[in-house]
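Structure provided below as structure tokens; questions to follow.
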Amino acid sequence: MLVNCVAYQEGKKLADIEQSQIREYLSRPGCFVWVALRDASEAELDSLSKEFDVPELALEDARHGHQRAKIEEYGTELFVVMQLIEHAGDELKVGEISIFTGPNYVFSVRNRTEQSFLGVRTRCEREPELLRQGPGYVLYALMDAVVDRYFPVLDAVEVELEGIEEKLFANTSPRANIEALYYVKQKLTTLKHAAGPLLEATGKLYGGRVPQICAGLGDYFRDVYDHLVRLNQTIDSMRDTVNTAIQVNLAMITIGESEVTKRLAAYAALVAVPTMIAGVYGMNFKEMPELNWAWGYPFALFLMVSIDVVLFWRFRRAGWL
Amino acid sequence: MLVNCVAYQEGKKLADIEQSQIREYLSRPGCFVWVALRDASEAELDSLSKEFDVPELALEDARHGHQRAKIEEYGTELFVVMQLIEHAGDELKVGEISIFTGPNYVFSVRNRTEQSFLGVRTRCEREPELLRQGPGYVLYALMDAVVDRYFPVLDAVEVELEGIEEKLFANTSPRANIEALYYVKQKLTTLKHAAGPLLEATGKLYGGRVPQICAGLGDYFRDVYDHLVRLNQTIDSMRDTVNTAIQVNLAMITIGESEVTKRLAAYAALVAVPTMIAGVYGMNFKEMPELNWAWGYPFALFLMVSIDVVLFWRFRRAGWL
Amino acid sequence: MLVNCVAYQEGKKLADIEQSQIREYLSRPGCFVWVALRDASEAELDSLSKEFDVPELALEDARHGHQRAKIEEYGTELFVVMQLIEHAGDELKVGEISIFTGPNYVFSVRNRTEQSFLGVRTRCEREPELLRQGPGYVLYALMDAVVDRYFPVLDAVEVELEGIEEKLFANTSPRANIEALYYVKQKLTTLKHAAGPLLEATGKLYGGRVPQICAGLGDYFRDVYDHLVRLNQTIDSMRDTVNTAIQVNLAMITIGESEVTKRLAAYAALVAVPTMIAGVYGMNFKEMPELNWAWGYPFALFLMVSIDVVLFWRFRRAGWL
Amino acid sequence: MLVNCVAYQEGKKLADIEQSQIREYLSRPGCFVWVALRDASEAELDSLSKEFDVPELALEDARHGHQRAKIEEYGTELFVVMQLIEHAGDELKVGEISIFTGPNYVFSVRNRTEQSFLGVRTRCEREPELLRQGPGYVLYALMDAVVDRYFPVLDAVEVELEGIEEKLFANTSPRANIEALYYVKQKLTTLKHAAGPLLEATGKLYGGRVPQICAGLGDYFRDVYDHLVRLNQTIDSMRDTVNTAIQVNLAMITIGESEVTKRLAAYAALVAVPTMIAGVYGMNFKEMPELNWAWGYPFALFLMVSIDVVLFWRFRRAGWL
Amino acid sequence: MLVNCVAYQEGKKLADIEQSQIREYLSRPGCFVWVALRDASEAELDSLSKEFDVPELALEDARHGHQRAKIEEYGTELFVVMQLIEHAGDELKVGEISIFTGPNYVFSVRNRTEQSFLGVRTRCEREPELLRQGPGYVLYALMDAVVDRYFPVLDAVEVELEGIEEKLFANTSPRANIEALYYVKQKLTTLKHAAGPLLEATGKLYGGRVPQICAGLGDYFRDVYDHLVRLNQTIDSMRDTVNTAIQVNLAMITIGESEVTKRLAAYAALVAVPTMIAGVYGMNFKEMPELNWAWGYPFALFLMVSIDVVLFWRFRRAGWL
């Protein structure tokens, strides 16, 4: 579905144009066209990509979808794929944006995502002195928006992890904890898959030799890179934390089990000792003086209770009860 | 066994030729020969490799088989080994394709595999404008086919892993889970052995100095490289997931054990307490007033049952039963 | 809040100046201005940064805060962010100092921290022959101060870890140990986040091509780098120690559980055997010679006690009691 | 002990020579001497090394033995140390071969090993067109032989590991399994110590600048390198497998323990319930109607047995028995 | 404390000199001074370092002590810090040697260590043709001595580890084993801290651009480097072994616990079954034919004993007893 198709010149919007007018605007000097598609059918993709002479291999990747994040150079053109991540209920949903840029066009397709990039376009149009820099600046603005949208997702996962941490040492629900930790780790892996390859690729857009489209925008792309570094470091240290938490959870379970064993054993003792005494006085010997005592029975009961009291007190002191 | 032996010129098939005609076609300018063998006997290998002056060290590797994936340059010739992986029942079967290429020939041998590459040849012949680029393009087409065939295998392993994941937290069959996880990890190791070295080797076929045969095909080999990167990343993160799953499984087992211990202890208490009471009223003291009560026995039974009811209710509330 | 704003010339303090005078002093040759802000409002930040033409992207990072440690070059200017770490009760509190430096100014903003840098200014003013080197030397002095303040924090964590280590093998409070180890690891992660990226960034301030401001100060920045290397190595090996300690703690818990199991079993045996004997003599057979013995009852008691003594002695010898 | 001392010219054996003749043959153009020692005394080593002007530092290493595998250049000379590994009963025995090569000599000393290299010499003499390339080719032949001998050792360890794997899930002998896994890991470490440093060192004998002796033999040394890469990858993935297997073994032990606990608890229940019933009917109440029933005793026995049958059936169904 | 202060010329000792004469000897061409201090007071350090114009930053590091091992270049001077490790009872004690070298002096200070370097001086003086190479050679001799002294320390730790390994599978003292393994790991960390950074630093003293003092001594420093590589590899693989051993120990503990559980359960069964039988015959039914049998009591005892014998035999066969 075509979202918009606009021609710009000198950082200012010229007009919303039709697909048929693209070629004409592309040929005007200092003019560039910015087209946005979403969930494009194969026919739309093919017809539009022909207007821009998009390289065949890049187009095939965009058609297939489910690509890893990457930035590929084809002559003067750049093909950028980024993953878009959003929460869908308890899970993370992974969409994709493919951006084709050339010296005088930006052509983006987003798939399987609710995230809109209209805000990016509006913001760009509000700053004509920056937009004047052409498709490279649009590419930066899109990348910056994508990367900025990773942060709230990561923050939500962090909140989730902190929630588990609190329950970790309470040891109330080890089974739920371990399951939650497992899924937090899966989410971090999903985020890492989006942010990791993008970090590596973005590093080639500033400093040293850069694609022509990005020339003069080094500080901007370094800023995106810097955000990605921060993102990746946070993900990595959260993964490490999850690993430690899983180990700690295992230890807490074992400790809990050990404590339960002790408590059970203590209660078992409190029952077993009277049973033994009762057994003794249940013996059928002819000559058992206690049996004939008037206070024999109360004495036996007293013996049972007092031994249990002593035991109970000692178990309590030892921390078993 | 010879599969086919075809001569091409200007991207078009000239003729199916005999082994004896190879030399003649090799000497024609702009012509190249593409020979495919499978499960070749040593004699076949030797006689054919003589037609192409295959380097002795490469030939020895092909003869031995069980090589790691690699790409070696011998002057203007390239020797490529790739592993072919397919499911054989529950296990992965590893075959091999060795490809010798020179400026005017492609000579491939596949061993211990059911996978045919006739489709690759057909596809190449359908696109003469690409095949015109010669043996380098054939090499690309073969590598692309091999790498593309790794994906369904990996997908099958992923489905297997997801199946285990679901059972992981149900904790019904920890023994089967752990065994399944172990074999999933082995399969991932097998895939990694195929895809890891190939990634490294393919990286040298584009950008910077490349073997002469691959010149001008950089975008194609980068595409193969890109698929390999995706493959390797998926394998790596699945291996990490398996490791975590093994740990989680261990934790689930310990939790399960802990729950069983509690349940057992609870039932033990439900039996031990009546036994103790019975023991008390089994004592043989002369003076035990309860024994002479008319309702003594029902009272004792009532005592046993009511204590058990209280205990049962408390255990249930504590989640032990 | 403005802390101070001072102009220096030839390493000597000229005067405390007003914000409005900054431009004037900046234009004097051989003169530089050193401004320090803390917990600056956005308005203060904006108005001051205009005096120095601070790059917009850097300024935005400073405004947002919560940046990772980094050193960025913007033409002849440097933007440095360092994290400030201090103990707040049992936890580590992370603040931030952002330093903008150009050929003739140093402009620092510290946020969310109690740490003052007045001492650094005093020390610099006491050594005019060093301060003569300009903003680069001030940057060094600030970085050196920040890094030096990491050491006591790390030492405190090390003392904490050693305290846990001592309790580790006593196995008195495994639950507290594991919790303490977890939080020590979190603190080490916090420190690593501060020191790790700084190490990497500082490595670019000496040797090879360095930012113009740092020229001639290589030995000083290498010294900071060297301290950071030491810091990072200590953090890394402490993290490794914590990991091992968590594992060791788990083993100690299992050992402890195993010992408790044995002790319980031993006591259970001491109770079960007399109960069995009492059961035997509680049987109601007509013909049980022992029951009619005069010494039958003492004999039974003696049997119980003597078996228990033997068992007790054997359990003790086996180390179970 | 001197094994042999032979002079070669143009790839052909000239003569077995005496130590005293070495200098003479070394001075002949196009002639080189190949001396092999084994378990050399210090005197032998010293006297022979003087003939070849072996560098003092290299000689000292050879004298000490127990070096790591390495390749060192001393001007035009190369000093190569490789470890020789063979099975000695259940353990791996590590020997050493030190090779000194110069433009016109190869001087090898092997220590603490049964492995002979006579076969290498014979093979070299059979291919004069290759031996014609001089000491570099001899070095290649020796390295190739050493590396090829690692494979059967590694294969034996792999067979051992597969044997353990089979027993892993049978869970019959966890103690033996874990011990076996530990020693397999030790053996892999021994192999890694031999193959790892050699890989690194061999990488410098082809491509780019190579020692003069190895010039023109790049394809051969790349072949050795390639074998070492395969060896190292196999070792690494086997080490990873051993680690996983240790973890799996631990899980299997815990599962086994959990199953035993359940079985024990089930049997305990089968005993405890009749004991409780017997206790009830052992009470001494005056009024216990059942006691006077004619079928009271059979009824009690029937109660015990039937409860046990029900329990047994339920435990069986739950998989506890 | 000043240990010695000697002037050398052309590799030969000129004279033991006073501190006041140092300047004079330093000015003689081809002459160098070698001063050794130990546990120097700050005053001694300051007064001596002034004679040699030691760089201020290096001096400050030497004054503080507790530096990581490092090699720093200050113009034509080198500042080397190495850690000295010795066994002090059961623990490792870490001392330090700081070496300042310039074109015509070597000035070393050792702190907190019993290790003397008089032997190094004696050995150097015995080989004037090597000492003739000046301070660089002295530096090599000192570094070689320090590194050589790491080996016996590492060997002692290795012996300790082997001692633990033997006890590991005997499973007699898991608590002592785990504690011992923990401290072995700590010792290895201490050694790694000494040898790791030194390895990295030494790598810059040969090959490529080297500090002027080390020129022409490449083979010597490569030899030190080679020893350090061996040391580091041994440390790394021992650390890995310790990690595995900790895991194995945990598995052995769990196995041991599992075996104890089985044994206990078996004994419990041997007691519980007779108790149940006794309970049955302790019931008070009017009609219990066995009670009136003449051989009823012996029959009951026989029943108890024979069931126990059967159980005992089955437990033994199952390996539980």
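Note that the chains are named A, B, C, D and E in the order they appear, and that numbering of residues resets to 1 at the start of each chain.
Following the convention adopted for this analysis, a contact is a pair of C-beta atoms (placed from the backbone, for glycine too) under 8 Å apart; a residue touches a chain by one contact, two chains touch by 3 or more.
Here the structure is a predicted model, which is why all the values come from computation and not from measurement.
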Partner chains shared by chain C and chain D (touch criterion as defined above): E
Centroid spacing, where centroids are CA-atom means, of chain C and chain E in whole angstrom: 25
Distance from the mean Cα position of chain E to that of chain A, given in whole angstrom: 41
Sequence positions of chain E contacting 2 or more other chains: 247, 250, 254, 257, 261, 268, 272, 275, 279, 282-284, 288
Neighbour-by-neighbour ring order, given that chain A leads and chain C comes next: A, C, E, D, B
Touch list for chain B against partner chain A, complex: 168-169, 219-220, 222-223, 226, 229-230, 233, 237, 240-241, 244-245, 247-248, 250-252, 254-255, 257-258, 261-262, 265, 268-269, 272-273, 275-276, 279-280, 282-289
Complex interface listing, chain C residues touching chain A: 55, 57, 61, 67-68, 70, 72, 74, 174-175, 178-179, 181-182, 185-186, 189, 192-193, 196-197, 243, 246-247, 249-250, 253-254, 256-257, 260-261, 264, 267-268, 271-272, 274-275, 278-279, 281-284, 288, 290-297, 300-301, 304
